[in-house]
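So the structure is just underneath, and the comments pick up after that.
Note that the chains are named A, B and C in the order they appear, and that numbering of residues resets to 1 at the start of each chain.
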Amino acid sequence: MGIIFSVKKLAKYFPVGGKTLKAVDCLTFEIYEREVYGVVGESGSGKSTLGRCMLNLVEPTAGEVIFGDEIMPMSELARKSPARMKSLRRDMQVVFQNPNSSFNPKMTIGRALYNAASFFGLKGGGRDRIHELLDYVNLDRSVLSRYSNALSGGEMQRLAIVRALIPSPRFVMADEPVSALDVSVQAQILNILGEMKNRFGLTMMFISHELTVVEHICDRIMVMYLGAMMELGPVEELFGNPLHPYTRALLDSRPKTSPDEKKTREMLEGEIPGAVDIPAGCRFFSRCPDAVRECGEIPPELYKVTDFHFVACHLVRDTVGNN
Amino acid sequence: MTSANDLISIRNLQVSLMSARGLVHAVRGIDLDVQRGEIHGVVGESGCGKTVTAKSIMRLYDENIMLSGGHIFFEGYDMFSLSEREIQALRGSEVSMIFQDPMTALNPLYTIGYQLEETLTNKGVKKMEAAARAVKLLEDVGVNPPESRKSQYPFEMSGGMLQRVMIAMAISCNPKLLIADEPTTSLDVTVQAQILDLLTRLRDGRYMSILMITHNFGIVAEICDRVSVMYAGGIVESGDVREIFRDPRHPYTSDLIKSIPRSGTRGTLLATIPGTPPDLLREINGCAYAPRCRYASGVCAEAPPPPRSISESHSYACVRGT
Amino acid sequence: MPLAVSLLFLVGVIIIAVFAEKLATHDPNRLDVTHRLDAPSHEHPLGTDKTGRDIYSRLLHGSRITILSAFGVVLISALIGIPLGIAAGYFGGLADKVFMRMFDVILAFPSLLLAFVFVAAFGRGITNAVLALGIVYVPMLARLTRSLVLVEKNKAYVEAARSIGYSNAHIMMAEILPNCVDTLAVQMTLDIGYAVLDLASMSFLGLGVQPPTPDWGAMLEDGWIVMTSNPFVALAPGTMIVMTVVALNIFGDGVRSYLDPAQKKLPSIRKYRRPVRDLRK
């Protein structure tokens, strides 16, 4: 398995009234080719900022993101070789959360799509490609002459997928792509997203706060809290054997799927604090039900549980042994 | 027709609203009963009329909405015989409501303590007593420590805390019915779990009924006793939550439940519902779901299916037999 | 209704300006000392001024220069102000700060005063007056553009455009600008009205149009001395100025409410409404 994205000690800080908001703080991970990499966390966990840094839509404060076979980090590339950066862009596309506002309201859908196609230099203005993709997402060609406000959320999200697929990217990032949609529409979009990975040989990163959705579609999942990684592992392992107290709490707080389901709930108290004054020890310390003194003082490292399963928790180190 | 145990009974309610495209028949003759002490879910996708139904009970209408028929009985009294003034007196003291976005529902210029006390003094509670009761209420909904939290402004509080404050305001006069319109949609999962837990505890402690408006079947499974599934302005299925989850009879209910991702759906295609909901600007003659329904036959398009009951606690509107 | 009337009026003014030669009964600059300050008559429908020129004809010809120069003012301010505003709003940073403070300074002075200074420095005449007002109008339009861009640039479609890799120029001009055009068009319509007024003031003070070219502001200046004896000389151009400005304002307002769907009124539901008590039947 090749590595398509390699993120090293990535950090993004924002100044907030004289203080620093650490939206993403020293994250290191890799995304393998042809996998669906899930990023889960509550709002304020920094998952969207991470996504924007990875696509170089915002410049990271520190650390680097390296895409594909490129050697240079993207932020450096954008400065030194904008042309090379532009050609990288076609390989990584994104689908945003709010489908209706991610298209220019003053442009017909057709124009937005054809603009993108000609920007990427597709043959014949990209007509065949766009028609093929519209067929793929099961949309009639008549949508091309309409404006975004005349279409439903489901239709718009399918068009966002079409737009992302126009340049035949290798990587598609989906930032909460189904959160704004109704249940039945959500299923349609999830099916398309799940299927297109195989059909087009894509790698995907899937950012979401909904665990059930992530579980349905992802191969590996990273759980984030206050800009840092809490746990990382393959879906089966993460959902079957969650080790970090935060992961466990997240799983516990999912609503039941059926009223007959028995549940011993471990309710998490409080809410995610602001990422301004991050405590010295573990970020989850203030809400952790199992915290011991050490947790408040020393930030835990990432401990390896199995080859693919990592946890940032002192308590886990004690149970699995130090690696 | 209504039983003594029903706190609120809605009969053949019809509501229309004016949109830029014309008159929309948003609620098309629904029947709904909320019993004392139960949590009743109203679940459906956006535009199905669930929020309009909730607003009808409070008669919280803006100038573009109107009731066009039906009855709402509250403890046996016909709400439509009440004047605007009498309804006003009912709001807050008998029926109260919480909304999706607590941030916009509170006035940013006043402390939450002031706003909470004001709802109390508005209903005739003395100032001194109101202050004490406000502290007690905040404690009840888990805003801790209440004394210092009281003097905070809405922008100083998190979304979950604000929703707790909204709940405190809503229950301040011991209403018999609390209408919760997507109360956890803007909150994180861990906070959602806290709020749902709080609502359940309040129901148990105060023997209050809750009408839970939501699009999330998970929330229905989690806290509701009974549920009504809405589609295109009508109720397609209604009854005990367990029965409906075990044995959904209306094709829409079962299609919708099947389309939700859960453990075990990984790697499979989710069931989807073809087509889109009908245009509510037009008359619907037969079953509203017929154009999307896999079992639809000729009769479905002709007349609206009569509601049938399969047990005392489970009814649905579909011509398809058992 | 007022919108229709003002629109009709504006179309009329434009027709007059275009066909002034055909519609005029006299040469606007021909002096006729035998008919000084004539009252309105069949020969001179609006009378004559103190040198015997036909006011009606001068009014028609004057509309041309007034309208053209007002358009000129707005065009100049738009050509400078809108690109500046877009760039300042989109890029932000130091350049934005510098430009905005500079505009604050310009805005601190009354616009006419600044235009006077400009004309005093570069000489009087209609071209300089138009240039001066055009530059004085830049800050208002630039600030409006900037504030619109600040709102638009945080919308999802801009981020989507950035993620595709479009250049900044493309994003500013093809994505953001079309979404600001509505509001800018309204403001520019209103600005034409202000420009008519300001140009008239400048001509009135002798800083704008130079005699004998007919212009409403200059005509007003001609007439105000004889206001008590021959009110028509001043009233005719004065009325035209006021009506044009009012019509432009109403028109601009109309365009605004037409473009803004939030302000569009829904048809009343009242005709369907029955009293709640009736529903029980």
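Everything that follows uses one rule, which is that contacts are C-beta pairs under 8 Å (C-beta built on N, C-alpha and C of every residue); 3 or more make two chains touch, one makes a residue touch a chain.
Just so you know, these numbers come straight off a predicted model, no measurement behind them.
Visitor: Quick one: point me to the chain whose Cα centre is farthest from that of chain B.
Guide: When every chain centre is compared against chain B, the largest gap points to C.
Visitor: Which pairing of chains accounts for the highest number of C-beta contacts?
Guide: Chain pair with the maximum contact count: A-B.
Visitor: Starting from the mean Cα coordinates of chain A and chain C, work out the distance between those two points in Å.
Guide: For chain A versus chain C, the centre distance works out to 50 Å.
Visitor: Using the average of all C-alpha atoms in each chain as its centre, how far is it in Å between chain A and chain B?
Guide: Roughly 32 Å, centre to centre.
Visitor: Could you list, by residue number, the parts of chain C that touch chain B in their complex?
Guide: Going by the criterion above, the answer is residues 261, 264, 266-269, 272-274, 276-277, 279-280.
Visitor: In the complex of these two chains, what residues of chain A are touching chain C?
Guide: 55, 57, 85-86, 89-90, 93-94, 96-98, 101-107, 115-116, 119, 160, 163
Visitor: Touching chain B in the complex: which residues of chain A?
Guide: Where chain A meets chain B, its residues are 42-43, 152, 154, 182-188, 190-191, 194-195, 209-213, 215-217, 235, 239, 249-250, 252-261, 265, 267-269, 271-272.
Visitor: For a test of understanding, state which residues of chain B touch chain C in their complex under the given definition.
Guide: Residue positions touching the partner: 16-20, 22-23, 59, 63-71, 78, 80-81.
Visitor: Which chain B residues qualify as touching chain A in the complex?
Guide: On the chain B side, the touching residues are 45-46, 158-161, 188-194, 196-197, 215-222, 224, 241-242, 245-246, 255-256, 259-263, 265-267, 269-273, 276.
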